Amino acid sequence: MPIVQIDMVEGRSAEQKRALAKKVTEAIVETAQCPAEAVTIVIRETTKQNIAKAGVLMSDK
Amino acid sequence: MPIVQIDMVEGRSAEQKRALAKKVTEAIVETAQCPAEAVTIVIRETTKQNIAKAGVLMSDK
Amino acid sequence: MPIVQIDMVEGRSAEQKRALAKKVTEAIVETAQCPAEAVTIVIRETTKQNIAKAGVLMSDK
Amino acid sequence: MPIVQIDMVEGRSAEQKRALAKKVTEAIVETAQCPAEAVTIVIRETTKQNIAKAGVLMSDK
Amino acid sequence: MPIVQIDMVEGRSAEQKRALAKKVTEAIVETAQCPAEAVTIVIRETTKQNIAKAGVLMSDK
Amino acid sequence: MPIVQIDMVEGRSAEQKRALAKKVTEAIVETAQCPAEAVTIVIRETTKQNIAKAGVLMSDK
């Protein structure tokens, strides 16, 4: 704990994910005051056909 | 908000997902009384090998 | 399956949740073409202090 | 209900998932005292590039 | 990893949760072949007014 | 999108959650390169009786 689940559109590079994991973990450690070892992050990549905002698929925008 | 996550077996067409996003958003707007712009839907498609009911994988049924 | 998880701000009445469950299920049955019995909905109610948009808690807006 | 969501690294065989679904369902039926028919399991397989512990991607370890 | 999220109706005793955590972890260790230390379980307790099956709230059944 | 769900032990102050929302959003905007307005965060607070690591409830440690 904490467990962080991030749903986002697919297509980020390994470099971006690496930076995201590092920075998000630092943000949580700093504000929730827990050791970095306690933070788990799961990234879930999704296609634009599987996300909708205001009833419209992102792939249709 | 609201955030709607839907796990279901893969294989629906773009047309089905388009209709699903539209209808589910309408249902939430109407009953939870929020603007459509506030509703986000994430569809997660799963293989039958990754779902079980009563201890049995759907791919084994 | 499908499993529908809805995160939203607390405070809807039983009547609203009843209507939401009915309408969202109908929307999924109609568009994903599955029996109503297959649809499970979980509503997760959250305080405004536990949701943020654009980095700002809803309780601060 | 209960709904069990399991995020884990991809690569388990069908045989392992079959056993996992069976054993986890048995564990829940026995301890939460519900019928097996009420237990749904969703397995979400993830690449090592999409999981981080202590701010480091599993693919970098 | 693995991360196990279990949504279920509220009301289980501490003793039941203790047994559930132990047995579900054993089931995953045995079948997914990972160390027990790698298994995190989160139980989410829900009221019957926040769960629906076939479009009907559990609190209405 | 992105949607960030954070499960953690209850007890953080409003000030901590405010800082967490701000810093985590900044971390995602910077690394995933999306506008802050696109980032939604949901914090789920859990009791120690509802989390287990290695098969043992946190409330028993």
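Note that the chains take the letters A, B, C, D, E and F in the order they are written out, and that residue 1 is the start of every chain.
Definition applied: contacts are C-beta pairs under 8 Å (C-beta built on N, C-alpha and C of every residue); 3 or more make two chains touch, one makes a residue touch a chain.
Small disclaimer: the values here were computed from a predicted structure and weren't measured.
Each step here moves to a touching chain, and the least such steps from subunit B to subunit F number 1.
Identification of common neighbours of subunit A and subunit B yields D, F. Comparing A-B with the candidates D-E, B-F or B-D, the pair whose contacts agree for more than half of the residue-numbered pairs is B-D.
Here the CA centre of subunit B is 11 Å from the CA centre of subunit C. Centroids of subunit B and subunit E (each the mean of its C-alpha atoms) stand 21 Å apart. Residue numbers of subunit A whose C-beta contacts span two or more other chains: 1, 3, 5, 7, 24, 26, 40, 42, 44, 46, 51, 53.
Taken pairwise by the contact criterion, the protein chains fit none of the simple patterns, being neither a path, a ring, a star nor fully connected.
Pairs of chains in mutual contact: A-B, A-D, A-E, A-F, B-C, B-D, B-F, C-D, C-E, C-F, D-E, E-F.
Residues 5, 14, 17-18, 21-22, 24-26, 36-37, 39-45 of subunit D are the ones touching subunit B in the complex.
Within the complex, the subunit F residues that touch subunit A are 1-9, 12, 16, 19-20, 23-24, 26-28, 30-34, 46, 51, 53, 58. Of all the residues in subunit D, the ones that touch subunit A in their complex are 7, 44, 46, 49-57, 59-60.
Contacts from subunit D toward subunit C in the complex involve residues 1, 3, 40, 42.
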